[in-house]
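My structure is below; once you've seen it, I'll send some questions.
Per-chain residue numbering starts at 1, and chain names A, B, C and D are given in the order in which the chains are listed.
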Amino acid sequence: MSTNTINIKPAKGKLGVLLVGLGAVSTTFVAGVEAIKKGIRKPIGSLTQMGHIRLGKRTDNRNPLVKDLVPLADLNDLVYGAWDIFPDNGYEAACKAGVIPMDLLDQIKDDLQNLRPMAAVYDKSYCRKLEATHYKKADNKMLLAESLIKDIENFKTKNKCDRMTMIWCASTEAFNTVSDSHKSLRSFEDGLKNNDPTISPSMIYAYAAFKSRIGYANGAPNLTGEIPALIELAHEMGVPSSGKDLKTGQTLMKTILGPGLAARYLAISGWFSTNILGNRDGEVLDAPENFKTKEESKLSVLESILRPSLYPDLYGNLYHKVRIEYYPPRGDNKEGWDNIDIVGWLGLPMQLKVNFLCRDSILAAPLVLDVVLFMDLAQRSGLKGLQEWLSFYYKSPMVKEGLTPIHNLFHQELKLMNTLRHLAGETQITFLGLDYYM
Amino acid sequence: MSTNTINIKPAKGKLGVLLVGLGAVSTTFVAGVEAIKKGIRKPIGSLTQMGHIRLGKRTDNRNPLVKDLVPLADLNDLVYGAWDIFPDNGYEAACKAGVIPMDLLDQIKDDLQNLRPMAAVYDKSYCRKLEATHYKKADNKMLLAESLIKDIENFKTKNKCDRMTMIWCASTEAFNTVSDSHKSLRSFEDGLKNNDPTISPSMIYAYAAFKSRIGYANGAPNLTGEIPALIELAHEMGVPSSGKDLKTGQTLMKTILGPGLAARYLAISGWFSTNILGNRDGEVLDAPENFKTKEESKLSVLESILRPSLYPDLYGNLYHKVRIEYYPPRGDNKEGWDNIDIVGWLGLPMQLKVNFLCRDSILAAPLVLDVVLFMDLAQRSGLKGLQEWLSFYYKSPMVKEGLTPIHNLFHQELKLMNTLRHLAGETQITFLGLDYYM
Amino acid sequence: MSTNTINIKPAKGKLGVLLVGLGAVSTTFVAGVEAIKKGIRKPIGSLTQMGHIRLGKRTDNRNPLVKDLVPLADLNDLVYGAWDIFPDNGYEAACKAGVIPMDLLDQIKDDLQNLRPMAAVYDKSYCRKLEATHYKKADNKMLLAESLIKDIENFKTKNKCDRMTMIWCASTEAFNTVSDSHKSLRSFEDGLKNNDPTISPSMIYAYAAFKSRIGYANGAPNLTGEIPALIELAHEMGVPSSGKDLKTGQTLMKTILGPGLAARYLAISGWFSTNILGNRDGEVLDAPENFKTKEESKLSVLESILRPSLYPDLYGNLYHKVRIEYYPPRGDNKEGWDNIDIVGWLGLPMQLKVNFLCRDSILAAPLVLDVVLFMDLAQRSGLKGLQEWLSFYYKSPMVKEGLTPIHNLFHQELKLMNTLRHLAGETQITFLGLDYYM
Amino acid sequence: MSTNTINIKPAKGKLGVLLVGLGAVSTTFVAGVEAIKKGIRKPIGSLTQMGHIRLGKRTDNRNPLVKDLVPLADLNDLVYGAWDIFPDNGYEAACKAGVIPMDLLDQIKDDLQNLRPMAAVYDKSYCRKLEATHYKKADNKMLLAESLIKDIENFKTKNKCDRMTMIWCASTEAFNTVSDSHKSLRSFEDGLKNNDPTISPSMIYAYAAFKSRIGYANGAPNLTGEIPALIELAHEMGVPSSGKDLKTGQTLMKTILGPGLAARYLAISGWFSTNILGNRDGEVLDAPENFKTKEESKLSVLESILRPSLYPDLYGNLYHKVRIEYYPPRGDNKEGWDNIDIVGWLGLPMQLKVNFLCRDSILAAPLVLDVVLFMDLAQRSGLKGLQEWLSFYYKSPMVKEGLTPIHNLFHQELKLMNTLRHLAGETQITFLGLDYYM
C-alpha cells in the first residue's frame, strides 16, 4: 500500500468556494483567509496551512508541511460565493455576528463587503425560528434546484473558476429521517417535482452541487449526504461528499476525553453536558425540532468511542445527557460545562469537570478551510462518494453502510494522516518502532 | 512485519511481584487483585484484564481480549513480596493510607495482613520528610545490594516462583542527575562499594533486580533505569527495564488534552496546573528537592507533544507552570485544576478549565498490574533493555539515546497495541481504510 | 424596643414533630437528631444547637448560645410522627434514600425502624411521577382533613405530647395558583367538601394542622400557607405559619453571592444555573408542572435581592435561567453549576463560576430541626400567622401583603438574630459602632 | 442615636486626589471618572455614585441615592495628582497596563496625558522586583517627607484645591512589622532623620499627608496607618486614616462566601485558594517578602469571620492555604480558583469550587473613588483617626486597639450604611420588623 498508484491532478487556477449561509461561520472563514493573505493573521487552527506530517522513521526527521506533501489549492486562488436567507453583505453579516474584532474588521472591510449573497432556498418548516427575507420563489423544489444550478454556472463563468466546492455553513435544520423519496435518485427527483415535504433545503443544495459536478460538504447535522439518492448521485457524477456537522466545542472535547478515559479502561457512570450560547445558532436550537437534530449528532459520539457492547462492565450503564441553552449574554462566545462521573479500580468514584470557554465560529472557520481544500484534493485525486478519511472534521462522520463510524479524534487524525501519506506514496505510520531496539 | 517470528514462552507457574514500598499504591494494587480473584470487584482500569484488541479489518469484527491474544500470567499465579521503611503489614498500611473502603478491606484483610515488608534500603538524603524505622544497616551500598539479592533469592525459594519482576511503588526521591558513577557498570559498582552519594536507593534496587535476572519497572520519577550503568546491566543480564513515573491524574489529562489541541492546531499561550493532595506522597513532595524531581517529569510532557520547534507560532511562547500543594483535608483524594489559555483563528483567545477530582492510588494500581504482567511478557518474549512500547504507562517514558520520547497518550496506545499485534503475528492497524470504498 | 415585653412560655414536656413525607430529608433529620442525642455526631448546620449570639457591645464579649438565650425544646423531648405515600418505615426509607452511611445507619436502626408512616393524603394530579401505595381514601377532601386531624389527636395522646408542630418535607407539588376557593376560610371549607381540584394535599395538611391548633411549616415551594383562607385560619386559631421551600444548594448560594455582588454595585448581565440531581426529588422535578413550581421559587430570589427597578443600569437586563436536570448517577448528591456574567467599572466584563457539590438532605435536615424548634418558640411566644423572621430558612419567604420579601441571606440572618434579641429583651445590633471611637 | 448631632461641612470647591502610584489602578480610576463625566460610561461598581439607601420603614419606600443623603464631592470637582517611580504620564501608563480598551482610551487621552507623575519616594529594599527611574534623592527620610509636603502645597496652590486626600494605589511593599521607631511620633520623627530602615516609603507618604492636614487611605497591605506614631499624628492633626488593602477578587469572594457558610453553621475542613495574574502586581508579588505581606492580609479574613475559638467543632481544624502565581498570559485579568471543603449534618463532606475570572483594576478603581469621597466626607464631618466604618472597602480593616476587625462583607456594609444614616440623622436599620405583624 506504500506505492503511490494515485495520480493527483495539479491545483491550478481558481477554486470557487460556495458557502450555503453567510452568517458567523462563513464570514469568519472569509475574514480569516483574507487576513492571512494580507499577512496580518496566522492560519491558526488549520491543518492544511500549518500542519507538518511525519514521514518515515522517527530518526529520519522528515516533517514537511502537509501542503508540501500533497498539492492543495493556494489561498490566493480562492473565490467565494454564498447564498443566504437575509440580503446582508459579508461585512454587514460579520458586524451582526460580532465575532471579528472591529480593528481587524476594518482592515478587511472591502473583501467582505463585496461578498453579496444570492437568494437562498428556504423552507420555514425546517427553520421555524428565523424569518427569511431573501429567498427564491418557485412552484416546486426541482425548479429551486435548477435555479441553484444556474447560480453555480453563473458564478463559475463570472469568476473564471477552474474548480468549485460547496459547503453548508448555515443553521441546523429541523429533525428529519430517511423517507421513501430519499431512497433512490429517481424517487428523489420525483419528490423534488412533487414538493415532497421530506426534502429539505440542504438536500436541494447538495443535489444542485452534485448535478453541477462539484463536491458537497455538510457542516451541520442535517440529514443530507447520507440519503441513498444523494450517494447514488455523487457516485454517478464522480464527486466527493463529506460530513456531517463540523466538530467544535463540547463534542470536540468529548472525542478527545472519551478516547483518553477509554484508553485507560476507566468506567463512566454518567456524562452530563450543558452548553450556553447566545448567537443565531443558539436561537435556532431553542426550537425542540432543531435541537433534536443536534442532540442526535452529539449523543452518538460516546457510544461509538466507548463501545458499551464490548465493555458492558465499563460503559453499559452510562447515563449521557446533553443540553444546549440559549443564553444571549454570551453572544457568539459559547461555553460548555461537562461533568463526567468516572469509576475506577475497586469500583471507586472520581469526577472530571470541564469548562470550555470557546467561540463557535473561531473553532469552525479553519475547519471550513481545511474541508474545502481537502474536498478539492479528493476530487482531483479521483476519490468519489463518501470521504470517510475526513471524519476528523465531523461530529457525525458518514460511512459506508456496514461500517461503524470512527469518532475517536486520534483515530480520525491517524486515518487522515495515513491517507495523505498514502496519496503521496509514503509509508504508513504504525508507531510500532520495535526495530529501533533490535 | 506481520509474520510472527517471536517465540513467547508460556506463562506457567508462579510470578513473584516484588514491590518497593508498601504504601497506598502497593496495598491498593494487592487489595484489588485479591478482590478480583474473589469475584467481588471487576478489574476496572486494567488493559490486561479488560482490554479487547481489534484485529484485521473493521468488517471482520475480531475483538478478542488482549489476554487471549498474548500469554499473560494469570492473577491466581501472582505472589507478592515488598520492602518498606516502616514495618506495618499490608493491612496496617492500607488502613493508614485510607484508600480502601472499610467494608471491602474487611473482606481481604487476611491477604493484606500476610504481606509483611522486608527491611528497606533507605537514605535520608533522598527522602528528608520521612523518618524510616525499618531499614537495612550496612557499611556500604554494595552490601545493601547484596542484602536485597539475598531477599530476592529467599523470596523465590519460599514462594516457589517460576518468574519474578520488581516495581518501584514508593515515594519520589530527591532530584538527582547523571554522575560519573552512573556512566558505566564498572564505575557504578565502584560507587556502590565507596558509598557514592549520587547512588540512590532506587538504583540499588534496580541493580539487585537485574543482577537477579529480573526486570525492574520504575513507578516514580526517580533517576534510575536510564543511567548508562543500569542499561548496560539490563542488556548483559537479558532483562527488561521500563519507566518512569506512572501516568495518573493531571499529567494523564495533559497527555489526553495536549494531543487533542495539537491535532486541531490550536495555539496555547499558557497552561497553569495546580494539584492539591493530602497523602504521604503530598507530604514528601512538599520538600523542594523532591518536588523538583516530579516537576521535571510533569513539565516535559507538553514540549514533546506540542513540538514548539516545529510550531513556533503555536507553541513557541507557551507559559507552562505546575504546582503541587500539600493539602491534608483531601487525604488520598487528589485534585487537579488546570487553566489552559488557547488562541484560535484570527488570534482570538479561548479558555479551557479542567477540574479532576481523582484518587491517586486508584488510578495507579491497575497500571501496576498491567506493567507487571507486560514486563513478564517482555521477558518471556526475549525483549531486553528499555521497553519503549510501555510508554503508555509512564509520565516520562525512557527511550534509546537519539530518540525523542512519545508522550501523546494515543500514540502510546497505538504503539502498545501494534506491539501486541506484532508479538502475536497479526497485521498492524493504520486506520487507512480506503479499501472499504474502492 | 429593647425591653422585653414578651412572656415566653417554658419549653416543658414532649414536643411532637409531625413530618409530612418520610423520605430522604425526614429520615436524615431524624437520624441526625438521634445520632446527636447518642453523642456520635455533632449538630453541624443547626443554628439552634450550635449558634452563638452576640449581645451588647463588641467589647462586652457576650456570646451565649442561642439556646441559652431563648427557651427551646430539648432534643430529648422530641417525638416524631410522619405520613407517607409509601408504607416503608424510617429505616427502609433511609436505606432507599442512600444518604446516611451504613455504619452510622446501623447505630440508629431501631430509632428509625420504629417510625412507621401513617397513610398519606395523596392526589395524583399534584404528583404525576410517583405511584402512591399508602394513602387515605375518602369521598371528599374535608373527610381527608378530618382523618388527618384524628391522626394528630391520636398521636398526641399516644405520645403524651405537650406541644406539636407540623412540617412539609415531601416532594414539590405541581404548579398551582390562588383560586376562588382559596380566598376565604368559608370558601375553602366549601371547596374541601366539594373536592375542588385547586385544593392540593399540602393545603389539606396545613388546614388539619391549624384546626388542631398547631403550627405548619412549608418546606417545599407548594402554594399553601400564603393563601388567604389559611392565613385567616392561622390567625383565628392563634398558630404560627412559616415557609416556604427550605433554602439549600444553589439558591442558598444565590442568596449569598447575589447580595455580595449587589453590595459592590457590580452589574450582572446573565446568570445561568444548572443543577444535576438523581434522587426522588429530581425524578419528581422532571415533570414540567412540578418543575414550574420550583422554578418560580428559584427565579424570584434574584429580583428581590438586586432590585432592577431601583438599579436599571445594573440589573435591568439580567438574563436569568435556571435548569434542574434529573441525573441518576448522582443519587442524593446534588450538584449545581452557576455561570455569572458580571460587568464592572468601564463596562468591562468578568465571570464567576460556582460549582457546588452538595447533598440536598444534608443541607436540609438541620434546617428542619431549626424551623421546628423556632416554630414551637413562636407559638409559646404568642406569635401567630406568618413568621417573617424565619425567612432565613426559606427560598420564598412568605410576608404580609404589601411587604416585599427579603431574600438577602444576611438581612435574613440579622432579622432572625435581632428577633431573638428582641424576644430576650436585649439591645438590637446595628453595627454602627462609632461610639468606640468617640 | 437617631438625632443628627453632626455638623457636616458642605462639599464646595475643588477636591485634590493625590494618588501614590500611577499604574493600572490609578489610571483606571482616573479614566473611569473622566468617562463618567463625559457621559460615555456609567459609574458601575461605585456605591457613592450608584447606591441607594433605604430609610425608615420598608413600607415608606424611601430609597434616595446615597449622594443625596450626605454631601459628597461632585465628580466635576475632582483634580488629580500622582507620584510614581516611572516618569510615564497617565496615558502612557494606561497603555502599558492594558486594562482600558483602546477605543475608550482614545476618547479620554487628553485627560490622562495631562497627568504627569511627580518624582516618587522609593526604597529598593521594599520593592526588589521593580527598578525605579523617577524618584527623589535626599540624605534622609525626613527630607523626603518634606519634599512630599512641598509637592502637596504646590499641588494645592496650582490647582486651587479646597480640600485634598491621599490614597496609596501602588504595589505591595515587602513585609514589615512594628519597630521601636513606629511606637511614638517622636521616635518616628527621629527615625526619619536617622534613615531607620524599618520606615517604609508608604509611612513617609502618610506622614506627609497628615502633616499637611489631609487624610491618608491605604489601598495596599503595607504596614502604614496602624503604627502608633501615625495614629497619634492623625489625631493630633484631626485627619482621617483608613485602610488597608482594597478588597477585590478572591478575598472579596471569601468575605462573601465565608459569612454565608458561617451563617448556616456549616463546618469547613479546608480552603485552598490559588490566583493567577500577570500584571506588574503579580510580578512584585513573585518576591517572597512582598507575597508575605499580601498573604498575611489574605489569610486573616477567614479567622475573623469564622471565629474558631467560638466554634472549635466547625472551624477549629480549618486548613487554609493561599497561593498567588505570576502567570503572564493572563495580563491584568486575574483569575482565582477556590476549593472549599465543607462538612455538614452527620459529618458528611461537600465541596464548593469558585472560579472568578476578574480584573484587578476594574474591581479596585470604583473603590478608590468611594474611599476618596468618603474620606473627604469624614474629614468634613470631623471624624478623625481610624475610620472603621470604611472596613467595607478593605481586606484588613484597621480598628482601635482592643477591637477585633469585622471582615464579614455584610456586617461591613451595614456598618457603612448605618453610619451614613447616623450622619444624616436617620434611624438605624435593624431588620427586626416585627411591628409590621403586630
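One rule holds for everything that comes next: a contact is a pair of C-beta atoms (placed from the backbone, for glycine too) under 8 Å apart; a residue touches a chain by one contact, two chains touch by 3 or more.
Keep in mind it's a predicted model, so treat the numbers as computed, not measured.
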Q.
If over half the contact pairs have to be identical by residue number, which pair among B-C, A-C or C-D is the repeat of A-B?
A. C-D
Q: Between C-D and B-D, name the chain pair that shares the greater number of C-beta pairs in contact.
A: C-D
Q: Could you give the separation in Å between the centres of subunit B and subunit D, each centre being the mean of its C-alpha atoms?
A: 51
Q) What whole-number Å value describes the gap between the mean CA coordinates of subunit C and subunit D? A) 39
Q) Using the touch rule from the top of the page, what residues of subunit B touch 2 or more other chains? A) 351, 353, 355, 357
**Q.** Of all residues in subunit D, those that touch subunit C in their complex
**A.** 1, 28, 31-32, 35, 41-47, 50-52, 58-59, 63, 99-101, 104, 252-253, 256-257, 259-260, 263-267, 310-311, 313-314, 342-348, 350-359, 362-363, 365-366, 383, 385-386, 388-389, 392, 400, 402-404, 406, 408-411, 413-415, 418-419, 422, 428-434, 436-437
(Q) Quick check: in the complex, which residue numbers of subunit C touch subunit A? (A) 269-270, 272, 274, 276, 319, 321, 323, 325, 327-330, 335, 337, 339, 341, 351, 353, 355, 357
Q: Would you mind writing out the residues of subunit C in touch with subunit B in their complex?
A: 102-103, 353, 355
